[in-house]
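The same chain A turns up in both complexes below, where it pairs with chain B and then with chain C.
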Partner chain A sequence: MVAVELSHIAKAFGAVQAVSDVSFTVNQGEIFGLLGPNGSGKTTSIRVMLDIFKGDAGKVSVLGGPMNEAKKNRIGYMPEERGLYQDMRLEECLIYLTTLKGISKAEAQRRLQPYLERFDLAEHKTKKIKELSKGMQQKAQIISTVLHQPELLLVDEPFSGLDPVNSQLARQLFLDLQKQGVTILMSTHQMHQVEEMCHRIVLIHRGRNVLYGNLTDIRREHSGHAVRVRLTGELPPLAGVLNRSEENGSWQLLLDERTTPQDILHQLVGSGAAVEQFEIALPSLDEIFIRVVGKE
Partner chain B sequence: MSKLWLVARQQFRHTVYKRSFVLGILALPFFLLFTVGIGVLAERAQRETTTLGFVDPGNFLAETPPDSDTLRLQRFADATAARAALDAEAIDLYFVLPADYPQNRQTELVFTGQPDSSAVQVFTEAVRSNLLADQTAEVRARILDGPAITVHALARGRSLPLDFPGLGVFLPMLAAMLFAFWAMTITSTLMEALVTEKQNRTIEVIVSSMSPGQMMGGKIIGVFGMSLLLLFSWVAMLALFAWFGSSVLGWEWLSALAINWRDLGLLALAALPAFLCITALMVMLGGIMVDTQEAQQISGFSFIFLFAPIYLLGLLANAPDSPLALIFSFFPLTSVMTLAIRSIFMAVPTWQFLLAAGIGLLLAALLIWLAGRVFRANMLRYGQGLRLRRKGSRAATA
Partner chain C sequence: MSKILSIMRAEMRTTLRRKSFVIVAFVVPLIMAVVALAFGLLQGTSFSQNLSGLTGSSAPAAPSAEKTGYVDQAGLTTSTAADAALLRFADPAAAQAALDANEIAGYYVVSATYAQTGQVDYYTRDFSVISDDLDPGALTAQLDVALLGDDQTLAATLQQPFDLQVNALPGRDAAPTVTEKSWISEMLPLFVTIILYMALMIPGSILINALIDEKKNRVMELLMTSVTPRQMVIGKMAALGLLGLLQTALWLGVLWAVSRFGGNALSIPPGSALPLSLLAWALVYFLGGYAIYGAQFAGIGALAPDINQTKTVTWIVMMPILVGYIYMTSMFNDPNAPAAVALSLFPLTSPIVMIGRIAAGAAPLWQAVLAAVLQFVTAYGVILLTARLFKAQHLLTGQPLSIKSYYRVLVGR
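Our next item is the complex of A and B:
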């Protein structure tokens, strides 16, 4: 079942074409990665999706139809340009923002305490937002995004400003929410987080889709024709290898067009080498990102 | 509770619980207390008893005013005795009425320090009253009151007494000033509220929970509620001041206040669209401005329009129906104050109030439309000022 569907959306601001043609679907219950370099149109796409901006063209379907005011209560949005009321106390601010999502004050109060404890903010709840550190404010922002228990979560750079411990806390929260059936659309530049959390992605560049689909498939498509081998002892001479390079004790072998990975494995076993690891050398998402965006 | 009311309540509480709001409420009573205090002190200072001596060998003064808290009269047999009393500071001043005063009407006033004018006036009136002793009480009273001139400006439909026209004549202008201060408070608070959303970068979170219209409506209601509280506080304090002045201090000019309800009503009619225009302008500025400091500076500049007619008071008084006066009357930002000033000096025709209100409504509708578009187009432009040309293109594409 599809939670979000964007079909050929476009949006211009005066002479600037922020989004030209972006399409993707986000399935219910998945964590979907929305990637792209700065200024590629990610944030504009999200804003069109939420009806903050009206798109110039294309169709948007959110939670089974066009976006409307009622659906806003079912969505949690953490914008890239985030902020909280600096003069308000933490607890008061989070409760106020949650009541704007249709939750009663009493219920918001009841839900808040466990989150404050989970994110180590309980003892700071009476402090004004401006008295909190940047990392604490970031955690408070995450809480305000999820406190009303949304079905769909749109998070833009959720890990920025967080140390590794708090990044792990946030990541675990998103994974827990996914297990509960929440659909998450995550926009980030932290590719390792995408690799760890997302099954499908879309990469937008200059307002258009340049990559879209299953992350494993995408990595395979961009794998080139190489294998990664780790073995004890010396690497024996192998036919069909155009280039070999060693990194951290494993060898990356670039194969010619006629040689398959199975041919290499067969040669290795035949030579009596003790193979510890053999895999198709898939590029990291970072490498794919740089390759695709650089080429564009 | 609907989201609109949640925003309204939050905005109301956020504004009312501020120190600046409490100061705003207290500013007027402090001003009034200061004014009343000065008046009371001045009155008390005048209450010092003056001892006025007089020499009247011809016994001209058959009737002398009775002694009071402020004046005590003392008769002397001759000028030497009076002079001795003055030198001994037993009296403050003395009059000498020669025996032939009824024929020559010449008197002599002797004093060492500055003579108390009110004491001199009381004694002078007593002398005049004695001069009219052969007249009936009615004629004496009429003559002693002197002329009461009222200027009737037939072409302008106004009658103004020359001595003191009464506070009621100035009420529309006072109301216009109160309106200007009130409008300044409410609209600058509204603009600050909008800029604060941008400054805190919360606006995107808010509009992902409700429509920009709901957010704006909630903020307007919240700020309006705050301003009503402020207005009621001011009016209550003015009423208290009026009661205190008339009942306790016995200020007659306050007791005899005549209110021109027709002018006040028509002025209120013209004030509503003017208020809408200012509000729309402030919303537009709120959409453009980056931080509250910048917003306050710009809003302060824009409020010059509201008070501009006061600087033209002389011109408006001399020619209240001049082309300049008419232009200022029909321009929404200056209309309320101009109409109020003109209504002191002429009966402003009803159609002029109505035309001012009509023009104000048209401009308000245009500005509200434009403000909505400018605000929506720029609400997510954090930390960036806006050039006017860009504003135009944004508004066109929003």
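Our next item is the complex of A and C:
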């Protein structure tokens, strides 16, 4: 089941072409990564997806069809340009924003308390938003995004401003929601979070898709034909290796085009080396991001 | 609908927490009412004394604490008829001597030909054009009684020739029924004009602030994924309109209470209470005016990135109502002048000019109804036009606001 489908969308503001050609699908119940450098068109794509802006071209399907007013209540959105009513009290603000999603005040009140406790905000609920720290405001923002129990969650930099402990809290919340069947589209520059949470990603650059698909496949495609080896003792001489480098006790071997990782493993076993670890060397998402965006 | 109600409730809560609004809308009128009534109570005794002097069967009250002399060369009055504050002298020389001795403030000389010429001369040392000491009422009363053959009842009737009562004819909403001219009936057009002007401007400026606050707090995009721009603006406008209506009703209520219960204490004659029809018209014109100006103010709030950039555009937008306000506060003594009639029908000025004319008893019913109809038709058009401003592109982007950009967006370019 597809929760979101964008097909060749484009959007310009005057002479500025914010999005030229972006396409991707988000499957129901997955955590999907929407990546791209600043100004690449991520936010505009999300706004077109949510019908905040009308696209100039392309087709958008959200929760089984075109976006409409009724679907707004089924979506939770944490925009990049976010904020809360600074002069409102925390509890009042969160309840108000939830009632705008079609939830009654009483029901919003009932749902709020467990979240306040989970995010350690219960004792601050009567404080004005402006009296809360940046991290607390960020946690409040996350609560306001999920309190109406959306089916689809769009979160833009959800970990920004959070310390490692609170980042872990937020990450766990998203994983729990995913287990409950919620679809999550996450846009972030924190690549390690994407590597830990997302199964599929799209990387947008200059308003176009530059990478799209399963994260493991993408890393494999960008592996650069190399293996990582850890063994006891010295690394024996190996045929077909163009370059070798050691880092933290393991060797990264760059192979020539005719040599396969199996050839290297055979040579190692044949030489009697005690192999502790042998794996295809996959680049980190950070490396891929820099390589792709830099090349572009 | 429930989302609009949520927005309304939140907006009303936020506005009622603004100290400035609470002070202007509720505290000031209450303080004014209390001060007016307290002032009236303090002044009550002296007013009562003056009123009894004016309406009693005896001669009019003395013009001042000091006595005044008179010489009756026509021989009309008798010494027994003299008022306590009037001293009769046999001739001008005796009166002059009393004046020199500071026994009197001055003296009248009633000419021997008074019955034919009405000539009376007054002599004093300290004459001032701005002094109100010179009040010949008591002497006039003496002379009238004398000329009418000592018939004091007839003389009293002569002093107050008729008891004017103005009554609205069936089917016409004319002036309020009053027994006589009073300060409150004369100042009424001015008061209601000021009240309507404030009632229109205060919620309008709060509306601009509310929208800009949402941009400043960066909740606009969040709101746009929960409600439509139309729901957002309707909710805010309705909330502030209700508060404005409440404010108008309260201010007019205070005015009504003062006119109804002020009575002698505030020198308000009986029967001067404001008619409820005036209050009803004020509320109708508030709604029409608020729809016209509130929609424009909301549009300004939607476009402007910050409050400083709204000032010039707001000034231009509110220019017509300002013209109406200045006209009514300076020219309200001629409510049937052609300019007054024109401004009271022109929808951008009519909300306050027409209510001023109605308060002055100058507007026939058909004009009052026509003004209201024109206002609501105009409001519909203005709302349709300003709806163009409530688009994501304007609400989310912070482009500088100018008169040119405002009207360019308004006309759809």
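Simple rule for what comes next: the second predicted complex is superposed on the first by the 296 of 296 C-alpha atoms of A that agree within 3 Å, B and C clash if a C-alpha of one lies under 4 Å from a C-alpha of the other, contacts with A are read in each partner's own complex, and residues count from 1 in each chain.
Here, a residue touches a chain if its C-beta (ideal position, glycine included) is under 8 Å from a C-beta of that chain, and two chains touch if they have at least 3 such contacts.
Bear in mind that the values here come from a model prediction, so they are computed numbers and not experimental data.
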item: Superposed partners chain B and chain C on chain A - clash or fit; value: clash
item: Partner chain(s) touched by A:Ala12 [first = chain B, second = chain C, both, neither]; value: first
item: Partner chain in contact with A:Tyr96 - chain B first, chain C second, else both or neither; value: both
item: Which of chain B and chain C A:Gly83 touches, first, second, both or neither; value: both
item: Touching partner for A:Lys72 - first (chain B), second (chain C), both, neither; value: both
item: Contact residues of chain A, present in both the chain B and the chain C interface; value: 13, 47, 50, 52, 69, 72-73, 75, 77, 79, 81-87, 96-97, 99-102, 144
item: Residues of chain C touching chain A in the complex; value: 2-3, 6-7, 10, 14, 17, 213, 217-219, 221-228, 392-393, 396
item: Chain A to chain B touching residues, read off their complex; value: 12-15, 47, 50, 52, 69, 72-73, 75, 77, 79, 81-87, 96-97, 99-102, 144
item: Residue ranges of chain B in contact with chain A within the complex; value: 1, 3, 6-7, 10, 14, 200-202, 204-211, 380, 382, 390, 393-394, 396-397
item: Complex contact set, residues of chain A against chain C; value: 13, 47, 50, 52-53, 69, 72-73, 75, 77, 79, 81-88, 96-97, 99-102, 144
